[in-house]
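I am attaching a structure below and will ask some questions about it afterwards.
Labels run A, B, C, D and E following the written order; every chain starts at residue 1.
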Amino acid sequence: MNTLTYWFHKLGSPPTFHRIATRVEPWCLALALALGAIGLYGGFVLAPRDYQQGDAYRIIFVHVPCAWMGLFAYAFMAVNAFIALVWRIKLNEVLAMASAPVGAAFTFVTLVTGSLWGKPMWGTWWTWDARLTSELFLLFLYFGVIGLHNAIEDRRQAARAASFLALVGVVNLPIVHFSVNWWNTLHQGSTVRLFGPSKIDASMLWPLLLMALATHIWFFASVLARARAGLIELDAGKDWVRKLAQDDAS
Amino acid sequence: MNDPAAHDRPPLLAARGLSFSRNEEPIFGPLDFALHAGEVVLMEGDNGAGKTTLLRVLAGLLAPSQGEIFLNGEPLTLARLSPQLALLSHQGGLKHDLTALENLRFAAGLHGQRRGLSPVSALAAVGLDGFGEAPVRQLSAGQKKRVALARVLLAPVGLWLLDEPYANLDRSGIELVNRLLERHAHEGGAALITSHGAYAYTSGTPRRIALRPDPAGAESQDDSIVEHTR
Amino acid sequence: MNDPAAHDRPPLLAARGLSFSRNEEPIFGPLDFALHAGEVVLMEGDNGAGKTTLLRVLAGLLAPSQGEIFLNGEPLTLARLSPQLALLSHQGGLKHDLTALENLRFAAGLHGQRRGLSPVSALAAVGLDGFGEAPVRQLSAGQKKRVALARVLLAPVGLWLLDEPYANLDRSGIELVNRLLERHAHEGGAALITSHGAYAYTSGTPRRIALRPDPAGAESQDDSIVEHTR
Amino acid sequence: MRPGSTSAACAALLRRDLLLVWRRRGDALTPLLFATIVVALFPLAIGAQVQELRPIAVGVIFVATLLAGLLALDTLFRGDYEDGSLEQLVVSPHPLALLLACKIAVHWLTTALPLIALSPLLGELLFLDPALRGLLPLALLLTTPLLSLIGAVCVALTVGMQRSGMLLALLVLPLYVPVLIFGAGACNAAQMGLPYLAPLLWLAAGLVLALVLAPLACAAALRISTS
Amino acid sequence: MRPGSTSAACAALLRRDLLLVWRRRGDALTPLLFATIVVALFPLAIGAQVQELRPIAVGVIFVATLLAGLLALDTLFRGDYEDGSLEQLVVSPHPLALLLACKIAVHWLTTALPLIALSPLLGELLFLDPALRGLLPLALLLTTPLLSLIGAVCVALTVGMQRSGMLLALLVLPLYVPVLIFGAGACNAAQMGLPYLAPLLWLAAGLVLALVLAPLACAAALRISTS
């Protein structure tokens, strides 16, 4: 066994994961809150008013990071789902299922902030434009995954079935992301680029990126927490959980 | 076991360290056993002991949590499913809208048919001579069971997995099942059956295999597999 | 029959000239029989003899083609349905999404409950002590049957109609059913049950009633009702 | 031996059915989601402009409600029939019509009521005329119980059959049409500034009638179809 | 002992499924009638004028087809699951994906094809633009098999559950949306005199892909959900 697979197995074993996650979690949460606070302060207080949109644009500091997270969470779920299906690793099943509700929440926030923003910008809460629609159906896909997971009795079988659905639904991701390029829509196109110059002023960019970082860390923290709970539920009868309960009691 | 030549060939069915858990709760196992040609094994156990579950695992319908299953010496994986077994489960697998004969004809198409048997003769063999043209929906509980047995009989396979084949059958039906098992074993087949009835297949000498490992090493009366050899 | 006082009261169940046909084809009858308090009648018959059909007619679920049914001396019409019988049929009548206890609590609400019994104690009486909180869907075939039996036990009625109560039960389950029947008869109830098993309720001396009238006047072994009195 | 009282039986039935819905609360939400999805399909299939969507908003919402109710109908007695609890209701000592009325009530409460609550949002999705914001839920409040009651009678007739979903749709839809015409008609009239009280009153009258007759018809139909 | 050949197994399955449809030919007609009724509801709910109906004709027909297909989906594996014949398919010695492909083919032939044949009539009911008379059936011919194939995968995932009709709708519809957009989009483009070939080609490409992948996915999903 080379070192890589060794660490893979080590990390993949529920007790180890549980131990590491318990230790990392509070730090992640604290970091996410701190970064989020700075980012929000930067966005809502420090960043200049937009000459066109006034203060309404400031919702961008919530909307865009959440939108990114909605997509990222799905990708994260799909990758874990793939591993869970092919190698039947319990940890990945649990991780995939843990990211679904978190992703759904981010997607929901995206939809809400988007339509709050849409009212002043486009004069309507909602239009049937390609990005908005595909984002809505992304939310439905999340609901489908969660619903399927809840509908099946056996936890591992449920996780596998829902993982399968998550993989089938991956086709929706490029549609959400590229819809603004493929169809000309009301929603604006990419303004932030990872490579090359962004079309956004630096004073607005840094709070945005900070918020994005904060949401990512938050996502990982809450996925870790959910996965931990999920593993304990799955392994309720196993020795390591029993020992944990004893340690808690004493 | 009284035929040493049979042991040169790999057993029709073998399980090694086989166990199954639901939500990490063990249902049975770990189990080790082999089923050779010419054997009929009667699996007895209390209600809820895990007999149905074991049969479904052996048929490849449920993936075992641990351990391996071998059919004719080859490992059975979920992906490469057994071409060599016939399963009788509680539901019967019959289309209620089709007649008994149509059901058997379909089964013959799907699984092939045993040399010397046809849907018509299989139906006659289970004592349903005049019922070939009746939709299965109109048959009584025992008559449906007989049609399902005819389907098992028709399949050109060596291994039968029968879940409570005696339930709902009248006395002549019970004798019929025993006769069919006798002949199947005689022709080199093997069968694993579950039953609660005292009337169940009783030729040969019993051998027991515990469904759950016994901590004391002793073999318990409950949760056991009773095996009869020809 | 050994208790003449019982005959002063009208029989719990009586059939007069009862027959049932599907598409003008007679399934059983005409039948005349009475079931008095304290009796357990075992109905035997080949597969397809019409036992299930008869039970459904007696429960008022199917309208008889001819003849009348009396419950406690009053005619049973489709419109005024029996308040006084408990039926156990093949399906069991349990909600798979609810736990065993929730199912029994509902039954107690619907039919009322027998003096001295509660859902919890009824469940204990059928040997399912630790299974009250498990959804019925997760129970094995025999465990489901036991829950259905607990439902029958709980209902405050005199007449039990049980279709194959022994099927799927292990030996302790079979003894349980016999014990329950014994006690029910002793407490002044009556039961009409079907079964194919030799292990079925066997106390008392049998009496036979043919499901179809025998042209020769002789009573045939098949298609018959065997009655045991206490 | 003390047989239970009828009110205790109804209470037990109500409690059990609500509990069943709660056990499958995911399933209970799905009529809602279904209607939402149907509504959401139209802008995609037709076009997303206000002038395209506003005229058809009322119609689409009514049709979506009707279809969602229709699909949910199938679960009204099916489960009870298959697991034999319907038999138990039939052989129970209480009036069958009353027991069925309880079942229908739970069904309406858990499938139609959430949809009515959601209808303003659905209206928003289709740019519903703001003048109708109050009227649409009211019209739905009158039509959906009617739909449940009528549907229950039809579903009782088909309950013994396998795969009767489609047959059910056939039986039910012609009976739904008058309800649809009155319900959507009232809203459309209001949209054009015409008087709309008459159709609503007709609906209310029909509802009262159905409340009395439908459970009885349902019980009779069930007796026929299960024998 | 001679095991049957795979082609014989497929032939037997095709024959049996067609026979089953024939035994219940009343039921087989119902998707047709359902779509017709949905289409017929719209003039009642919206208004019966040409200028009201023509713009929504394509959309309504597509949505009706989609819903009829969705309802029919439920019967694809349900019956086989309940009576245990699905188990028999799984333990048979032939590739499950191939057997499932046969089942899907029969399902499409008996539910969607008659609807396509009827679509000109449905178009007439809604005053469909005469220019679309040829294009609409063609677009349906490309979309309906895609819907059947995608739907089969989802239905395979939910087959072990009770009363999953609604969950199925939730799973399936988001995946149907792109198909709907391309299909209805092509027709709407043609109605406005815009080029409409590109979406049709996309649909055809998707169909080819689905023909290969869907039966495999379906078999995998079935293995998961029945275990």
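Here, a contact is a pair of C-beta atoms (placed from the backbone, for glycine too) under 8 Å apart; a residue touches a chain by one contact, two chains touch by 3 or more.
This is a predicted model, so every value here is computed, not measured.
When chain centres are set by their Cα atoms, the one at the greatest distance from chain C is A. At the interface between chain D and chain E, over half of the residue numbers involved are used by both copies, so each side presents largely the same positions. Of all chains, the one whose Cα centroid sits at the greatest distance from that of chain D is B.
A count of contacting C-beta pairs for A-D and for C-D identifies C-D as the more extensively joined pair.
Once the centre of each chain is set as its mean CA position, chain B and chain C turn out to be 31 Å apart. Centre-to-centre separation between chain B and chain E, using Cα means, comes to 38 Å. Chain C and chain E, compared by their mean Cα positions, are separated by 47 Å. The geometric centre of chain D is 26 Å away from that of chain E, both derived from CA atoms. Multi-chain contact residues, meaning those touching two or more other chains, occur in chain E at positions 24, 79, 162, 164, 167, 170, 173, 177, 227. For chain B, residues that reach two or more other chains under the stated contact definition are 22, 90, 96-97. Residues of chain A found to touch two or more other chains are 133, 140, 143, 147, 151.
If you check the complex, the residues on chain B that touch chain A are 22-25. Those residues of chain E lying in contact with chain D across their complex are 24, 26-27, 30-31, 33-34, 37-38, 41-42, 44-47, 52, 55-56, 58-60, 62-63, 66-67, 71-72, 74-75, 78-79, 162-167, 169-170, 173, 177, 180-181, 184, 188. Remark: chain D residues 24, 26-27, 30, 33, 37, 40, 43-44, 48, 124-125, 127 touch chain A in the complex.
Residues of chain B touching chain C in their complex: 22, 45-50, 52, 90, 138-143, 145-146, 164, 167-174, 196-199.
Chain E meets chain B in the complex at residues 1-4, 8-9, 11-13, 15-16, 19-20, 23-24, 79, 82-85, 87-94, 96, 223, 226-227.
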